[in-house]
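What follows is a set of structures for review.
The following pair of complexes shares a single chain, chain A, combined with chain B in the former and chain C in the latter.
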Partner chain A sequence: MSKVFVHALYDDDDKLKDGARKVRELGYSIKEVFSPFPVHGIDKIMGLNRTRISICCFIYGVTGFSLALWMISYMLVYDWPIDIGGKPNFTIYHNLPSWIPVLFESTVFCAAHGMAITFLLRSWLFPGVSPKNPDPRTTDDHFLMVTTAYNDQDITALVGAANATGAVEITKVESHDSHH
Partner chain B sequence: MSQYTFSSKTRNMTFALMGIGIITLAYGAIMKDISATRFWANILLEGLFFSFISLGAAFFMALQYVAQAGWSVVVKRMYESVTTFLPFGLLAVFAVVVASAIGGHGNSADIVYKWMQSDATDIVKKVPGVFDAMLVKKHMYLNVPFVLIRTIICASIWIYLVRLIRKRSIEQDLTNDFLPIHYKNIKTAGIFIIFFGITEQLMAWDWVMAIDHDWHSTLFGWYLFDDMWLTGIIVTILITLHVKSRGLLKEVNDHHIHNLGLWMFALSVLWGYLWFFQFMFYWYTNIPDEVVYFQARIEHYRAPFWIMFCINLLLPLIVLMTRDTKRNPKYLIGVGCIILITHWIDAYVWVMPGTLGLSPHFNFFEIGVLLGFIGLFVYVVLTNLAKVPVSVKNHPYLEESIHHHL
Partner chain C sequence: MHQDSIIREPLLLGKKTYHQVTEDVARPVEGKANKYWWAVFILSIIAFMWGIGCMAYTVGRGIGTWNLNRTINWGWDITNFVWWIGIGHAGTLISAVLCLFRQRWRLTINRSAEAMTIFAVMCAAIFPVLHMGRPWLAYFVFPLPNQFGSLWANFNSPLLWDVFAISTYFSVSVVFWYLGLIPDFAMIRDRAKTKGRKILYTLFSFGWSGRAKDWQRFEEVTLVLAGICTPLVFSVHSIVSSDFATGVVRGWHSTVYPPYFVAGAIFSGMAMVLTLVIVGRKVLDLEEYITIQHIETMNKVMLTMGSVVGIAYFAEFFQAWYSGDPNESFIYLSWNNAKGVYGWAFWALIICNNLLPQILWHKKMRRNLYITFILSIVINIGMWFERFDIIVTDLYRDYIPSTWTYYSPSWVEVGIYVGTIGMFFTFFLLFARWFPFIAQAELKTTLKATGDLFHNPPRRPKSADFISNGGSGHAEHTSVETAH
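Right, the complex of A and B next:
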């Protein structure tokens, strides 16, 4: 038999966490959880890896800093040196204090935009994408846990776990594409 | 048991440090090679540094009430105990202001606040170059009676409000009807924050900026404010980790330590931001009577000036950037202790050039007075910490704090 997705719908985030814990205890992995708000601690229960977005942030920040330093030193030191109020002495070292605000802003700009764009791409969220949310109620007051079953034994175990932890609705979906 | 005990070994060590301090001060008072300026400047330096630690903790304590913050409840007793040094530190600062006022009344130049010399404004008119002409215009604000009145009013109201908040916070644990006390504390904390926000600026000008009376900076109050907050947080972290190492405070977990580490990281970066912008604006405009402050420091106090800036900004920025170091007591204690020392050097650079002139003085006297104040600070804080259980019993956000998750 082909794989079946078990959708367990909860009306409370604590019950959702109980259900997720139970499924993990039985040795199954959780495919996805849909929730109207961030549920604290659910990532740990699902066994997700720690986010790498902070590493991206650091790389984007360093990129922004380097780009700005390159741009401003090219403009003000190599290409067209301008004496502003007797200040720039036409070397990077002497000019650096007056460049710090620009370097700082550029670092923050690149780090923030880079992180936002990375996050949206990684989550595949941009105009024109069809929604992956299987149940619109999860944008309001319900929580949905999706698990994968490969045989009847799996289905019995996963449905049993969802029932035992107070799921309000349990559905079996052949594949996510046919659901829409 | 959740009672911290101040071990006799540590207590004896603080007594030994206080003894060193008293001997050093007695030496300075009797021997002629320590001038009166140097004697009082050192007391001012330590008074400012340690009362700023307490003020930072006091502000943080009030902030937790006003922001209705939940996570900090389990470490509440730590920062509350840090605030207890406030009367001692402010008393030292007050003593310096009074000593300067008395010396200035006798028209001595051997005082910390040079502008207090009774004929300072006359000198401006007669002898150019000794005092800046601006001093005559500043006289309306910067005169001895007004400064004394401001100091007494601000310091006593701060001490009163901070002690009141801490007293009520301890009372909360003794009664089951603790919610009304909590709400009262929120109000008092709000009053304290508003009052402190304004008066901290005034006192930063009077106590620190007025040492270099020819110079002024509108950013100075903020810069000192961040210094207070940061040093207060560092000492709170050190005490929390110390108490935890005794096997107490089981409810304080990685997440609380991480949160405190975040504060240390964020405030260090803010400190660097404020310090740098104060420097950059004067450097860029390059107006003679504005750059005197930095000229004195860059030319004559070059090593402490640049070393403390680089360490205070870069060390926390690089080491505490990742999540793991903020949860590791070894890193927190290491970085905390180092930047606590370099913030002391920062305070040294506030006080010394304006009082002792352009040649830096640093020998056994500075170290002795510092050790004495460290002894007194640790003694007062740990004695007060040992008086009440370190674990909080009654607080509306206690559960939230125990389950704090970052």
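Right, the complex of A and C next:
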């Protein structure tokens, strides 16, 4: 038989976590969880890796800082040292203290925007994308756990786990890869 | 998971469930605007249009249409600029700084405060651009090659730091605000009944589905953004203060300016948030979300910041006198100014910012909506006078007595200011109608900790219990797991 997705709908985040734990204890993996708000701890139960987006943010910040330092020193020291009030810009060293504000702002600018763009790309979020949540109630007050069953035994176990942890609705969806 | 002290009163009243939160946040977006909304909106649009007219007049005729003169060459324009930038500090303070401090009361006001920030910074940006006199050359502030007409921008100048600080602050605030809005737009999309709303909010929500991995990234991004926005907030007004503090005008050339300006910005920003949410909670029927407790907490922040500002005034006053320098004895906080032709502006500052906010020491006053609302407007006026005093009353007595003069604004300057107020309220009213006013997804994460539905009655002592224990602050500080 083909794959069947078991959709277990919960109306409480703690029950959802109980259900997810139960499924994991039975040795199944959880395909996806849709929730109206971040359910703390669900990523660990599902076995998701920690996100590395803050590392990206750091790298973008360092890039922003370096670019700004390169830009300012090129413009003010190498290309055209302006003599302002008898204080010419001949060295980076003497100018550096007054560059700190712009260096800081550029660091923040690149770190924040780089991280936001990375997040939107990795989660594939931008105008025109159609939503993937199978049930509209999952942005309101319901929590949906999707598990995969390959045979009748899996179905019995997964539906049993959902029932035992207080799922309000359990549906079986034939596989047609509606979610990725 | 969530823990909360038993002595804390619930932040969310009305026995809210997750679904009820959805309903309450979606109601203003899905409903029709009432006649008060339309009345204020039309008034704001008229003011905005009037402002655009005055701006066009300024651009067409030059800034000779303003009453600035050789001695007082910064007037209402820069006063308004700093005032708006200051107001624009509360939003990111509430959502970033209070996020790092795990202050849950921020969750029902952060969205509107961030919107306020963005609109305030937009208003602020108008003034320096107009003050350039030839705003079509505004691109000179960007680091463009010499062939474009000017030399490379001067990175040693605080005015250029300002360009970088404000554009970074504005764009990062917009991103922070919008990322938070995405799940809330998705909520409105998924319950939309009409086709137009469905299409609009599908577009706005970027196809958000609320998958576990997305939420994991979302939380990380929010936390890291809060972390990098915190120094950003403090840097922006420090840099604005450097416009003055690095100058050689006495009264401006003061090392206390950066922290003092940041405190003042938070002070005025909180006042503007209070002005807006006191009206907003009533009009949008969100009184169970933005409770008297929220208002009181904001009043406490305002009182603290007002006190910091008061100490800074005192330090300025004292140092000007203690230096014994005759020039210093004419700065904006000095007896000579208090007695001079701008004495009215001096006393307006002292009364609005230092004397009247003292009533907030009384709990009854902090919890009184009418008092708070009037006081928040008084503080906004006071903070406007602070910038006016710093700029005008430090300039009007310069080093050559023959150039001493007086300044009052022309109708064009007043018109532009009124116009920015109109623009601010136009945008804010549109925001309140089309955007979810409360960060509902984030709020739902703490519903079980702060909502009164999930508190078990025996765990919640009546307020009289801990008043008899000698004040709410000294009752037992045991954290108890919520019952679930």
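Definition applied: the second predicted complex is superposed on the first by the 170 of 180 C-alpha atoms of A that agree within 3 Å, B and C clash if a C-alpha of one lies under 4 Å from a C-alpha of the other, contacts with A are read in each partner's own complex, and residues count from 1 in each chain.
Everything that follows uses one rule, which is that contacts are C-beta pairs under 8 Å (C-beta built on N, C-alpha and C of every residue); 3 or more make two chains touch, one makes a residue touch a chain.
Treat the numbers as computed from the prediction; the structure is a model and nothing was measured.
Touch counts on chain A: comparing chain C and chain B, the chain ahead is C.
Common to the chain B and chain C interfaces on chain A are residues 40-41, 54, 98, 101.
The touching residues of chain A, counted against chain B in their complex, run 40-41, 54, 58, 85-87, 97-98, 100-101. Chain C meets chain A in the complex at residues 1, 17-19, 22, 143, 146, 151-156, 158, 160-161, 164-165, 167-168, 171-172, 175-176, 179, 182-183, 186-187, 189-191, 202-221, 224-225, 228-229, 231-232, 235, 239, 242, 441-442, 444-445, 484.
The part of chain A that touches chain C in the complex is made up of residues 14, 32-43, 46, 48, 51, 53-54, 57, 61, 71-72, 75-76, 79-80, 82, 84, 89, 95, 98-99, 101-102, 104-106, 108-109, 111-113, 115-116, 119-120, 122-133, 136-141.
Of all residues in chain B, only 276, 279-280, 283-284, 286, 321-323, 405 touch chain A in the complex they form.
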